[in-house]
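Here's the structure, in structure tokens; my notes come after.
Naming follows writing order (A, B, C, D, E and F), and every chain is counted from residue 1.
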Amino acid sequence: MLHTVNKSPFEKNSLETCLRLASAGNAILLFEDGVYGAVKGTRFEPTVSNALTNNKVYVLVSDLEARGMNTDNVIDGIETVDYAGFVDLVADNKSVQSWL
Amino acid sequence: MLHTVNKSPFEKNSLETCLRLASAGNAILLFEDGVYGAVKGTRFEPTVSNALTNNKVYVLVSDLEARGMNTDNVIDGIETVDYAGFVDLVADNKSVQSWL
Amino acid sequence: MKFGILVNEGPYQHQASDSAYQFTKAALEKGHEIFRVFFYHDGVNNATRLTVPPRDDRNIVDRWSELAKQHNLDLVVCIAAAQRRGLLDENEAKRQGKDANNIAEGFRISGLGQLIEAGIQSERLVVFGD
Amino acid sequence: MKFGILVNEGPYQHQASDSAYQFTKAALEKGHEIFRVFFYHDGVNNATRLTVPPRDDRNIVDRWSELAKQHNLDLVVCIAAAQRRGLLDENEAKRQGKDANNIAEGFRISGLGQLIEAGIQSERLVVFGD
Amino acid sequence: MEDEMMDEEVIKKFLYVNRKAPYGTVYALESLEVVLIGAAFDQDVSLAFIDDGVYQLKKDQNTSVDAGAGMKNFSKTYRALEAYDVEKLYVDKKSMDERGLSVDDLLVDVEILDEAKMAEMMGQQDVVLSF
Amino acid sequence: MEDEMMDEEVIKKFLYVNRKAPYGTVYALESLEVVLIGAAFDQDVSLAFIDDGVYQLKKDQNTSVDAGAGMKNFSKTYRALEAYDVEKLYVDKKSMDERGLSVDDLLVDVEILDEAKMAEMMGQQDVVLSF
């Protein structure tokens, strides 16, 4: 199962609820304003790092770059993908849950 | 100065930031989904009750009723107003800050 | 007292337009003056005459048009925001080479300067948005 | 693989429509099939031909129309959501007694059943919204 | 799996995820409209109410087009879901607890799920529509 | 006060409050468009960046209509504000700290305010436009 989060964790509770209800082994993709959750040095880094022990976490690189960041700013263990990678994630998982 | 908050404190950080940046003596009006912040028994009751020591807090009664609650559900010390009361609050304060 | 109103969200999607309407009506009922209601962001979508809401629901666009008629309200739609979202009057449609227009009665399209002017001329400006 | 796409927000206001477009394009480039793109909530506003975005910005509506033309995409606008928000085709305008319509090329208006059908017929359904 | 998908008569598991409060935005109302239309398709339908979505089911919603907030009260429609054979309504326990809500506050019968059970139920779905 | 309001030549204190991230929604871009138009009116203008609004000022925003996210990069416009005599840019300290940002990460000069100073500045305003 793939979870997508497109909200900043600072603004909305979507990432928090996603992490709470994602099963171990589920994939999580952060995109749009959700990419801020993938960034090193923020208040949410410990939460997201902790999620990496149970879940693969991905971040959409074009949304990261639009917001002035790149792979170097991403928490260790989070994988960057482009839209082709986003498509693969959807294809490789049985269903998609968007945490709007 | 009047602050208005129209977001649920569970969903967004608007109320939290409003309470952090409102000066003592400022008035705060909760309306639309913001009315959930005025309700007794939620996780946010202590935060909002605490704000009452420095600020007058109001809640729009029609938005409360639309959502299945009424004056009985409101934290002690919060005053209910109708739209006429909302208008008075705007008139009585020098400026209005909407925490969207 | 003289109020200015800013509406930042479209009809039905968000309560902002409902709240702005109820506030405006209440202010008028209390004898206040509404200098202008300015529609910005998706708020410009409040000004389309092409909506057909369900019969058992409120008609948000008509409600604004009627209030404007009753109280001679100045309902101004931001031209830049309107162009992005497909809201045009007859003049704009001609100027842009579009074959239709969709603005409702009682609304006019103008520039962002009208919002600043509302801030300057009104004694209070109230923002309704998301 | 066969994908269905749901778009819940209007153009420019929210990135959802941009993301859905980029995803759809990437899926097509990888050889996947798009069963349908369904526009719901304010997403119906992606289907207006009356937008005039600034020249240095993307034209979201045209981009969808062109992608539909290139790949024979089925772009469906929810009729109930469209009626609330003032999005009409020629038939709907006639039926509702409206004097104008605003739908763009490549989009068609239909019922919510088309969304359910997209869920049933597609192997994956992806939701873009706010 | 591929073959099953091609079969027009397959019954899929549809989940509607509701995480937003009613009235502040249109999502709750328009989500319900999808559920009602979808009921005609004989799929296996579940509804989840999480975060502020649980407020959609709050009893005593009192609004009318002509008074107060001036909006249409659609809460009675949740009661009609049973007649459409939509009977699997799941509510997130933590969301209820944080809001001080109990099943007595809700206008329909629901099953309260803890995090593990909610996650499990979600994992069984074929199509997830989020609002 | 009443008389002052009636005077066409009064200079009012306008505050633009920016609390949303860029690109995810249009508010940052369209707020900036109001600031630019408003600059022609010779009012006393301040901008506050709070919560995710501080991300609007992040350096190195890299997007174009033809690649990546496919959106217009408007971040250079913040650098042009000085030419419009818009020079009072205030940033909330806690918002910066929570995001691990320092002034070196921002593309314009700003004044960082603690909560007391931000509250004081807000209290001095005549017109507050929130986005």
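Assume a residue touches a chain if its C-beta (ideal position, glycine included) is under 8 Å from a C-beta of that chain, and two chains touch if they have at least 3 such contacts.
Worth saying up front: this structure is predicted, and the values here are computed from it rather than measured.
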>> Considering only chains that satisfy the touch condition with chain D, which of them also satisfy it with chain E?
In response: A, C
>> Could you classify the chain C-chain D contact as same or different, where same means more than half of all interface residue numbers appear on both copies?
In response: same
>> So using the touch definition from the top, which pair is joined by more C-beta contacts, B-F or B-E?
In response: B-E
> Using CA atom averages as chain centres, what separation in Å is found between chain D and chain F?
Replying inline: 33
>> Report the inter-centroid distance (CA atoms only) between chain C and chain D in whole Å.
In response: 26
>> Suppose each chain is reduced to the average of its Cα coordinates; what separation in Å results between chain A and chain C?
In response: 38
>> Touching at least two other chains at once: which residues of chain A meet that condition?
In response: 6, 10-11, 13, 32-33, 62, 95-96, 98, 100
>> Can you pull out the residues of chain E that are in contact with at least two other chains?
In response: 23-26, 51, 69-71, 126-128, 130-131
>> Show the residues in chain C shared as contacts by 2 or more other chains, in ascending order.
In response: 8, 12-13, 15, 22, 41, 54, 57, 80, 84, 125, 127, 129-130
> Taking touching chains as linked, do they make an open path (line), a single closed cycle (ring), a hub with spokes (star), an all-linked set (complete), or other?
Replying inline: other
> Name the touching chain pairs, would you?
Replying inline: A-B, A-D, A-E, A-F, B-C, B-E, B-F, C-D, C-E, C-F, D-E, D-F
>> Could you list, by residue number, the parts of chain D that touch chain F in their complex?
In response: 12-15, 18, 21-22, 54, 56-58, 130
> What part of chain C is in contact with chain B in the complex they form?
Replying inline: 1, 3, 8, 15-16, 19, 22-23, 25-27, 29-30, 32, 124-130
> Which residues of chain E touch chain C in their complex?
Replying inline: 23-26, 65, 69-72
> Which bits of chain A are touching chain D when the two form their complex?
Replying inline: 4, 6, 31-33, 62, 82-84, 86-88, 90-91, 95-96, 98, 100
> Hey, which residues of chain F end up touching chain B in the complex?
Replying inline: 17, 19, 50-51, 92, 94, 115, 118-120, 122-123, 125-128, 130-131
